[in-house]
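Presented below are the structures under discussion, each in the form of structure tokens.
Both complexes below contain subunit A, partnered by subunit B and then by subunit C.
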Partner chain A sequence: MSAVSAARQPVAVIEGRDRPALTAWLLLGPCVLYLVAFSIYPLFYSLRLSFTDLTAATGTGNFVGLANYYTLLTDPLFWNAAMNSAIMVTAAVALQVVLGVALALFFDLDLKGAWIVRGILLLPMLITPIVVGVMWRALLNPDWGMVDWTISAIGLTPPDWLGSVGMAMVTLILVDTWQWTPFVFIIVFARLQGLPREIFEAAEVDGAGPIVKFRRVVLPMLMPAIVFAAVFRAVDAFRSFDLIYGLSYGGPARGTTTLAFFSFQNGFQFQNYGYAAAVAYSMLIIIAVGTTILLRYVQLRPGQAR
Partner chain B sequence: MKPARVIAYLGLIALGIIGAAPFLYLAILSTKKRIEIVAQVPPTLNFSWAQITKNYSEVLFSQGMLSFTLNSIIVVGLSTLIALVIGTPAAYAFSRLKFAGSDRMASTILSMRFMPPIAVAIPLFLTVKAIGLTNSYAGLILPYVSFSLPLVVWILIGFFDEVPQEIDEAAMIDGATRIQTLWRVILPIVRPGMVTAALFGALFTWNEFLVALYVIDSRALQTISLGAATLVSAQRPIDWNIAATVGVVTVVPILIFSLFIQRYIVRGLTAGAVK
Partner chain C sequence: MDDSGKGGLRDLLTGVAADRRKLLKGAAALGLSAALAGRFGTGDAWAADFDWKKHAGTKLSILMTGDENDHRALADMLPKFTEETGMELEITSPALGALIEKTLQNLKADKSSFELIEYLGFLTTQQVGGGYYEQLNAYIDDPAKTPPDWDIADFLPPAMANVGIFDMATGTVGQGKDIYGIPGLHSGSVIYFYRKDLFEAAGLKPATTWDEFKAAAEKLHSDDVAGCSFIGANDFSLAAVDWYTRFITTGGKLMSGSPKEKNFKPQVNSPEGIGALQMLIDLLPYAPKNVTKYGFAENVDGFSTGKIAQMIFWSTIAGPILNGENSMVADKTGTGPVPAKPGETPRAIQGGWGMAIPKNADPAKKDAAWLALTWMTSKEFNKYEVEKYQIDASRTSAFTDPDLVAKLPYLPDALKAASTAEIIPTSLIPEFFQLNDMMNVEFNAALIGTQDAKTACEKVQKQWEDALRKAGHLA
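After this line comes the complex of A and B, so read on.
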């Protein structure tokens, strides 16, 4: 300890000569300025837009105060989208966490050739989400899709995957799960591989069965990684609309129109910039409140999940 | 072999099929005529070279997916490079020069990754339009740098943190300034970190299409994800053999890319990357 502080002493002297404040700003300046110009300024621009009735057609928006937010709160389409988002995010994240942890434990068995399958499982999350949506639309096609053919071949009746309101939401959740379970798996698996094995062995010596060992020893130690993965998945599932764009385009009957897709439709398809900005801001508030509450319980630091 | 072991291997094979079969199916559909997709269920494996050439030349040349891919490479390549040049010194500063509010500033930068796309896409589009850069590479590169920058900074902070401070101190005692220390001593050490940051920053913008949807009107300048989106949108009925070919054409570059990314993926993901 004293060796370290002794080593730090001369550096402080050098730093004094080196003008650390200037150095810090030289290093940070470009990045901070860039983000102010292209991330923070747009965010305020968006806030201002949400108080106007700007559309692509009118060109100039009039200040309308909180009118967009008022419309929003009384718009049944907004509440429909909010409900769909809540269902989609909750179900998808829950499913992906359970499956992701199960996969991590499974790959911990260290089967021969498992690395090949692990490599395959990485692929879905790298693929453009629109393409994932279209691919599954083909697989689930009621007339010629392979999934329906397989289900019929074993004598069952395939569900109307994308044709009915309730089922389309289930399908969206399943496809999102196919694409993103590997994300949870990789993070939890990395943590699991890094844990000291002696603790598991000690639990076995003390007579803990596999279930008790998992619940009392393994799971608590995996928790930081699980929470980390769940937070990222929840935010991404909440804000992404491109899978829906490829899979169902929000339909049928708005059954898969989440808030993200609703904001996309207002902003791009209907070119209703003011209203879309208000929807986006409501999402921003939900994300901010949600993550603030979550981050009270966990701290995200680089490398913390490893 | 124990029966439990056999079941485990069957499970492993099943997982491999669940992961890979959809892509193989897409690849098979991309070799068919439009009517064959409807008529052959399940699709047969007798491939016609003429039909494959027809589908792929239609998608790559007539529909322009090849030039979309080149556009993407230019836009994503340049924006990732700029993000790396701006982001690396910033990440180093966050890792080494602790000052009042530096932690808060770093987490503000990470939180930018959480923004709903539409919240920034419209203002970015209006800004790009105001400076007259719609329908240009620059109109996409400028916003894309700001998308990959938070990721790049965040991943690199983790890598810089792993380099012992004593190395900087030794260099500075030898008379190097902070910036010389970073450039000559630390950067060579964190090169894998820079690769990781670049790969994930690139992936993040490679799949982006909302800003592109706004900024790019001209077909000639479309990126690969925008091109795929306009060709296979769920809005209207599509020719499935062409849609499947479009799918394969977008998957192949990512497949090649993923071979390079394997080594870095855990680091990248755990630092909060992807999409």
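After this line comes the complex of A and C, so read on.
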């Protein structure tokens, strides 16, 4: 028996008997316990909660079946939040993918000193979203924010960043993009660095120009990374709460209230726990369906991509 | 103390909300004036006999707000607390949202992790009315448990009514004889702030009516200084301070009927309701250009940096604004009662917090918790808080302390505001924050110009009626 295989069976031979099942449970136990305590139990608890009318006011939590879900469907505030979520996720992720891919291609040129810029570029991703929200709120402050001051100093009128319904959503998308484009960039860049260069050279030998080469060769090969990054970002942006809390607090006039923020408000501000749980579960359903569709799209193109 | 004395005191104590003078008169008649007068007089001797260390060695936990300075003041005084009582106190002080959640979790658990809980006055119905707190009359009545110089009559009557007194039978705040909470660690209402130098230079007097307020705003407005300001953002105080103050001081009545009778009907779309919002819209040309994004911090910053000529605001900001270390206009700021329509009493919303002992706290620690509660709601502690952090007092003695008044000249105005403050009727139901949010969103939308005042008020009226029906407060 080699040293390695001997080391693999320490528990099983403790009492001179082969007990692989016990070993497996001992090894898996902490993990399973953790999952049960912190994932599975809360998941089922909140599901049960979504079928009750529990509020701080009543404190009772009577079973009401699907009433909360029915209320959701007829609640204009829910649909407003759903629309805001859809706008935010679609626009932010699209922007981040375009910019992330562009940056990856740019840094793939391997220009002198690029590694320094690359490192700096990743910094926003390392900041906690709540801090990003508060920081940009300060920077965009119309009275003393640095951004507005700079724009005014060059003789232009700064936009009403967080003061109008439409512009607040644009600002939210821009700030989210500022923070998370580096994430898309790093995923796509890693994939790009791993691609065989001979294929690009072959395409060039065959007469493909830069645009054709990108469209027909590079992009298809990058697709798995792009879709992975996009799915990951879409899920994350959909759940985004802390950035909104710090930046706009869902306003003005519910203009940046997304489903995550709407759920927070119902749960933690209004103490309508049952309804808040139903909102959260509707988000779970939307994420599950959306992610499945997107991932299926990746699997449909394995020949070209992997 | 004989039984009749106890009963008399109990009646007097619970009647404190009605009239403090009556209380003192009655107490004197019962021979209890020394006890109620506290340290002033024979109370000193009695206080010397009181055993502060009877629960020495007990470890207590308090759950309180981390959004105000209460927790800082308490943390400052912890060594003194331990020295005087021999007890230890652990402070947990989350932000408001987390505080409410944690409080409710504790109150509904089999056993509370905290022996003392601080709750917002707007949540009295939810938490006290929910039957979660210990009734305190027996503690107050017992001279072995309550320090003689604690002086319950010294608490501001509206604050006592707002957080302390509750009638379980009718579910009414401020009614009946039963006490469940003690005002603390601070109370407060809304006062008028104005720039004395600008008003004098323009030959104006501080506004006493809303017309004068607008006229002054128009006259004082310049490129450097806004004629006035208010909470224009989607913020709790847009509805609770700026709209509600204008609404009630122009004759508005927010609700008719009662939740219990299921006829609790809002009057947001009344002429006074629409008029109060229209007043804010009409002030937009004289307010900071970004006032629709102004919440609490922006207004305090704007005023203390000299960019705002006048505004009404929580009196709790008076300390920082009149403190030369934080403010550029400390010696140029005057305060007064909020403006009102001629014939109406200047008044605003009742703010502040209460302190109570959860029913499900460890029974063995409840007496110790009460002793700690009396310690941290004492005159000395209240004075320390006001002096150090300029928070709004919950005791008359702190508001009228000559040293404090000399240092903080706004205190008489803050006392007047706190004494005339009104409990906002929607705080009588647990849906208070939800209703407030609906109003803030629609009013903010009106201020940024997406709808007019009438439409905004109609929308709020409809949303409130729907919410009240759903909650069973309106048939």
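Please note the rule applied: the second predicted complex is superposed on the first by the 273 of 306 C-alpha atoms of A that agree within 3 Å, B and C clash if a C-alpha of one lies under 4 Å from a C-alpha of the other, contacts with A are read in each partner's own complex, and residues count from 1 in each chain.
Quick note on the criterion: a residue touches a chain if its C-beta (ideal position, glycine included) is under 8 Å from a C-beta of that chain, and two chains touch if they have at least 3 such contacts.
Computed from a predicted model, the values in this text were never measured in an experiment.
Chemist: Identify the partner contact of A:190: answer first if only subunit B is touched, second if only subunit C is, both if each is, neither if none is.
Modeler: First partner only.
Chemist: State whether A:111 touches subunit B only (first), subunit C only (second), both chains, or neither.
Modeler: Touch status of A:111: first partner only.
Chemist: Report the partner of subunit A that touches more of its residues: subunit B or subunit C.
Modeler: In the superposed model, B touches more residues of subunit A.
Chemist: Check the residue A:143 against both partner chains and state whether it touches subunit B (first), subunit C (second), both, or neither.
Modeler: both
Chemist: Output check: A:86 vs subunit B and subunit C. Expected answer is one of first, second, both, neither. What do you get?
Modeler: In the superposition, A:86 contacts neither subunit B nor subunit C.
Chemist: Just checking: does A:253 make contact with subunit B only, subunit C only, both, or neither of them? Give me first, second, both or neither.
Modeler: second
Chemist: Looking at A:167, would you say it contacts subunit B, subunit C, both, or neither? Reply first, second, both or neither.
Modeler: Neither partner.
Chemist: Let me test your reading of the model: by the given contact rule, A:270 touches which partner, first (subunit B), second (subunit C), both or neither?
Modeler: Touch partner of A:270: subunit C, not subunit B.
Chemist: Is A:55 touching anything from subunit B or subunit C once the two structures are fitted on A? First, second, both or neither.
Modeler: After superposition on chain A, A:55 lies in contact with subunit C alone.
Chemist: On subunit A, which stretch or stretches are contacted by subunit B in one complex as well as by subunit C in the other?
Modeler: Residues 143, 249, 268 of subunit A touch both subunit B and subunit C.
Chemist: Which stretch or stretches of subunit A touch subunit B in the complex?
Modeler: 4, 7-8, 10-11, 14-15, 18, 20-21, 23-24, 26-28, 30-32, 34-35, 37-39, 41-43, 45-46, 49, 103, 106, 109, 111, 113-114, 116-117, 119-131, 133-139, 143-144, 146, 149, 178, 182-183, 186-187, 190, 228, 232, 235-236, 238-242, 245-249, 260, 263-264, 267-268, 273, 276-277, 279-281, 283-284, 287, 291, 300, 302-303, 305-306
Chemist: Give every residue of subunit B touching subunit A within the complex, in rising order.
Modeler: Within the complex, subunit B touches subunit A at residues 8-9, 11-12, 15-16, 18-23, 25-26, 29, 37-38, 41-42, 86-87, 89-90, 92-94, 97, 99, 105, 107, 109-112, 114-124, 126-127, 142-143, 145-146, 149-150, 153-155, 157-158, 161-162, 166, 168-169, 172-173, 177-179, 182, 203, 206-207, 209-210, 213-214, 224-225, 228-229, 232-235, 238, 240, 243-244, 246-247, 250-251, 254-255, 257-258, 261-262, 265-266, 269-272, 274-275.
Chemist: Considering only the defined contacts, which subunit A positions touch subunit C in the complex?
Modeler: 55-57, 59, 142-143, 162-165, 249-254, 265, 268-272
Chemist: Subunit A touches which residues of subunit C in the complex?
Modeler: Touching subunit A: residues 97-98, 100-101, 104, 108, 126, 130, 233-234, 288-290, 292-293, 298, 301-302, 307, 429-431, 433-434, 437, 441-442, 444-445, 448, 450, 471 of subunit C.
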